[in-house]
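Here is the structure we will look at, set down as structure tokens.
Note that the chains take the letters A, B and C in the order they are written out, and that residue 1 is the start of every chain.
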Amino acid sequence: MSLLAVDRLDAFYGDFQALFGVGLEVGEGEIVAVIGANGAGKSTFLRSVAGLLAARRDAIVFAGQPIGGAPAHTIVGMGVAMVPEGRKLFPSLSVEENLRIGAYRGRPGPWTLDRVWRLFPRLAERRRVSGTAMSGGEQQMAAIGRALMSNPRLMLCDEISLGLAPVVVRELYAALPGVVAEGCSLLVIEQDIGQALRIADRVYCFQEGRVTLAGRPAELTRERIAAAYFGA
Amino acid sequence: MSVNAPSGRIVRATRASRFGGLAAIVIVAALAAMPWWGERSAMRTVTEFLYILALAQLWNLMAGFGGLVSIGQQGFLGIGGYVLVLLALKLGVDPFLAVPLCGVAAALVACPTAAVVFRLRGAYFAVGTWVVSEVFRLTFANIIWLGAGTGTSLTSAMTGHGAWKREAITLWMAVAMGAGSIALVYLLLRSRMGLALTAIRDSEVASRSLGVGVPRIKFIVYVLSAFGCGMVGALVYVTKLRISPDAAFDINWTAVMIFAVVIGGIGTIEGPIIGCLIYFLLRDALADYGAWYLIALGALAVIAMVKAPRGIWGLVQARYDLRFFPVQRRIVVAPAVPLPRGGRGRPTADSEIRR
Amino acid sequence: MDWVSVILEGALLGGLYALFAAGLSLAFGIMRLVNLAHGDFIVVSAYIALFLAQTVGLHPLVAYPLAVAIMGLVGFLLQRGLLNRVMGDDIMPPLLVTFGISIMLQNLLLQIFSADTRGLVGGGLQTASLALGHGIAIGWLPLLTMGVAVAVIGALQLLMVRTRLGLAFRATSDDQTTARLMGIDTRLIYAVAMAVALVVVAIAGILFAIRTTFDPASGPSRLIFAFEAVIIGGMGSLWGTLVGGIILGITQAIGFALSPGIGLLFGHLAFLAVLVFRPQGLFPRTRGA
């Protein structure tokens, strides 16, 4: 049984439809990447899974439970954590407090404050600093650490490479397999296709609110990806 | 996904509005003729209805269109009343001549006031306007010459006219204010400034970035509203004849304005008319029960904000698409242009995109 | 004119104003909500305490804390049942709803209790005074009120900084969407915040009612004093609000000493002056971008 099963998911912003019958699966211990151009609906999709957008109840099933349309704060309690687009650290909180709030609705598991400091040593030096008074890369580390603090079974990462230098992005992605090894699956949205293909077990491509391609990186040719990305 | 840019023309009138315009003229004429066919207490009620309507329309202009929620309009009403005392009682000016001057006085006070309160935004702006009104109240309560805390009587200033003439002119002034406020708001909103106002209401930030002179427009709307409140204040005390700071600067003036607009329908011209009707009906029905009509009014306003934020007229509009005073602009798209299918919309041959 | 006494009294009065302001500041800080019925809730607390003490006959030391607890519950239910429905990006609905509640409360109190002025029993605290030497004496009640104000503000600060709830408050205040992604039930947090705010309101209301007589129309003025204290002190800072309250109290006291009719006016003018010359207040807390 897959950890996350999305079946025929639609999403609306008022009268505007952003997703059309999206289907996707994430298995235990998998890293699944979602690629697509701007406006393709990737973030909308993630927000639906996280509970920020209304959805049909059985359109999203997590660990066997239908969670479509459930409030965001209960979904966290079930083991889904989000690293939001733009990091969204809390400016009034220090780095350490940002991490602590990640554990607000924590579940038992391997991730503690100390583990996160060990994963991202640079953060430990900045623990008392305001969440937003750091470089982009450090903020991204903090955002990932914050999500890990709730010991999720599934972590949703929204464009973690956005605005960061390639060397920083590589450093971040290098940390991810370790996360998966501890028992957390990943659903990653990425603009950087190369990065997505390198790290993912399976890839989906979105275009204008629909899934246009799905498969293992090895099976996907450049032509197929380009066609799916931009639309034939 | 491409579509030919549809050609459209901007249409303002609706069938209902043409009817509405005619009806308005008939009603105004009938009201103006009341001194000849109406009896005194009915005239008094109509007078009161019309000046409350004027207050509501102007508050709606400020808040519903300009986004300025002021709970200090009673300050300008009070100033209007007291300047009337100054002009009519102390300086011997004919009270009816004084009324528009009181409006001007209030507008003049509004200018430096705006400079101060516009430093605040949103809810803080609202409380700030209330503080300013309190400053006015306390100031006048300390002027012994104008009656200080206990107030003063205006009867001696009104001896210049016979009873019939006095009631008639009062009514005509109220008609001018009521109809005038509607006309003012209507014409203003149909003008370029009106388009700007609607844009500001929707998004102030976007409007600013597009070069809309937001501060200037807000200022104009604020001063206009003060002018109206000042004139109404003067007219109120021409009829009531006894003024005191607590009465003239009573927050309940603003409460009635706000509740009428909210219950009737904020952001429309028809809304305040309905809201005022409801206010008068409620007050009449609960007349024997002291302050219960205010409690009922407040409760209705709260319920309206939660269940029907667009008010009664908003509900009617949504259901029947009626507009007597159309202030929005509709783009009528020429037919035979295939529109893209998407989401839950269905293309129609002649689509109206309503703004 | 004994100016030392005047200024001292005014400063202590500032403690009461700071208490008025603390609840307002809390609600605004966490929820961006300015409760226009804030002052009326202060008065309602006084009436509840009055009812419990006089009509029900409870001893004040039982009635007053009970009134505080009741107001806490009222705050929770009010937010949960009504205000949560109108919270959002548009500032108008909560403003208009709380204004409606304000008018309703004033008139309900009028209908139930009539317009007579009332006072709360204070066990002689109103008149007891402490002699400080050099002919200066300060009242025990104002001193106690200031002490309570400092204690309450200190407690609120501790709550915000050292507790899990406070962490949730601050996160929700920064970004309520991301807070939900942390597992925070923001609707519940808002209800708790309002409950805390009204607890502070009730404490302020009872101390106010022991000190001065009150009637159903006393609410709006309390809101205005609270608001002025917040603006003078600087938004976003509870200790700043204490300073703001003290400054307001002192300016009012000076005004009253000069002429009874212009006491309040002086305070308002001080507020307007701060607004014109230093709109961010004296101790504004700048938020991280």
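The rule is short, and it goes like this: a residue touches a chain if its C-beta (ideal position, glycine included) is under 8 Å from a C-beta of that chain, and two chains touch if they have at least 3 such contacts.
This structure is a prediction, so every number in the text was calculated from the model and none was measured.
**Q** Sort the chain pairs by how many C-beta pairs are in contact and tell me the top one.
**A** B-C
**Q** Taking each chain's centre as the mean of its Cα atoms, which chain lies farthest from subunit B?
**A** It is A whose centre lies farthest from that of subunit B.
**Q** How many angstrom lie between the CA centroids of subunit A and subunit B, rounded to a whole number?
**A** Centre separation, subunit A to subunit B: 51 Å.
**Q** Where the CA atoms of subunit A average out and where those of subunit C average out, how many Å apart are those spots?
**A** Comparing mean C-alpha positions, subunit C is 43 Å from subunit A.
**Q** Provide the C-alpha centroid distance between subunit B and subunit C, rounded to the nearest whole angstrom.
**A** Using C-alpha averages as centres, the distance is 33 Å.
**Q** Of all the residues in subunit C, which ones touch at least 2 other chains?
**A** In subunit C, no residue touches at least two other chains, as defined above.
**Q** Under the definition above, what is the set of subunit C residues touching subunit A in their complex?
**A** My answer: residues 164, 167-168, 170-171, 173-175, 177-186, 287-289.
**Q** Along subunit B, where are the residues that touch subunit C in the complex?
**A** Per the touch definition, subunit B meets subunit C at residues 63, 69, 71, 116-117, 119-120, 122-124, 126-128, 130-132, 134-135, 138-139, 141-142, 148, 251-252, 255, 258-259, 262, 266, 290-292, 294-295, 297-299, 301-302, 305-306, 309.
**Q** Along subunit A, where are the residues that touch subunit C in the complex?
**A** Residues 50-52, 71-73, 76-77, 81-82, 84, 88, 90-93, 97, 100-102, 104-106, 130-133, 146, 150.
**Q** Would you mind writing out the residues of subunit C in touch with subunit B in their complex?
**A** Listed in rising order, the residues are 28, 33-34, 36, 82, 85-86, 91-97, 99-101, 103-104, 107-108, 110-111, 220-221, 223-224, 227-228, 231, 261-262, 264-265, 268-269, 271-272, 275-276, 279.
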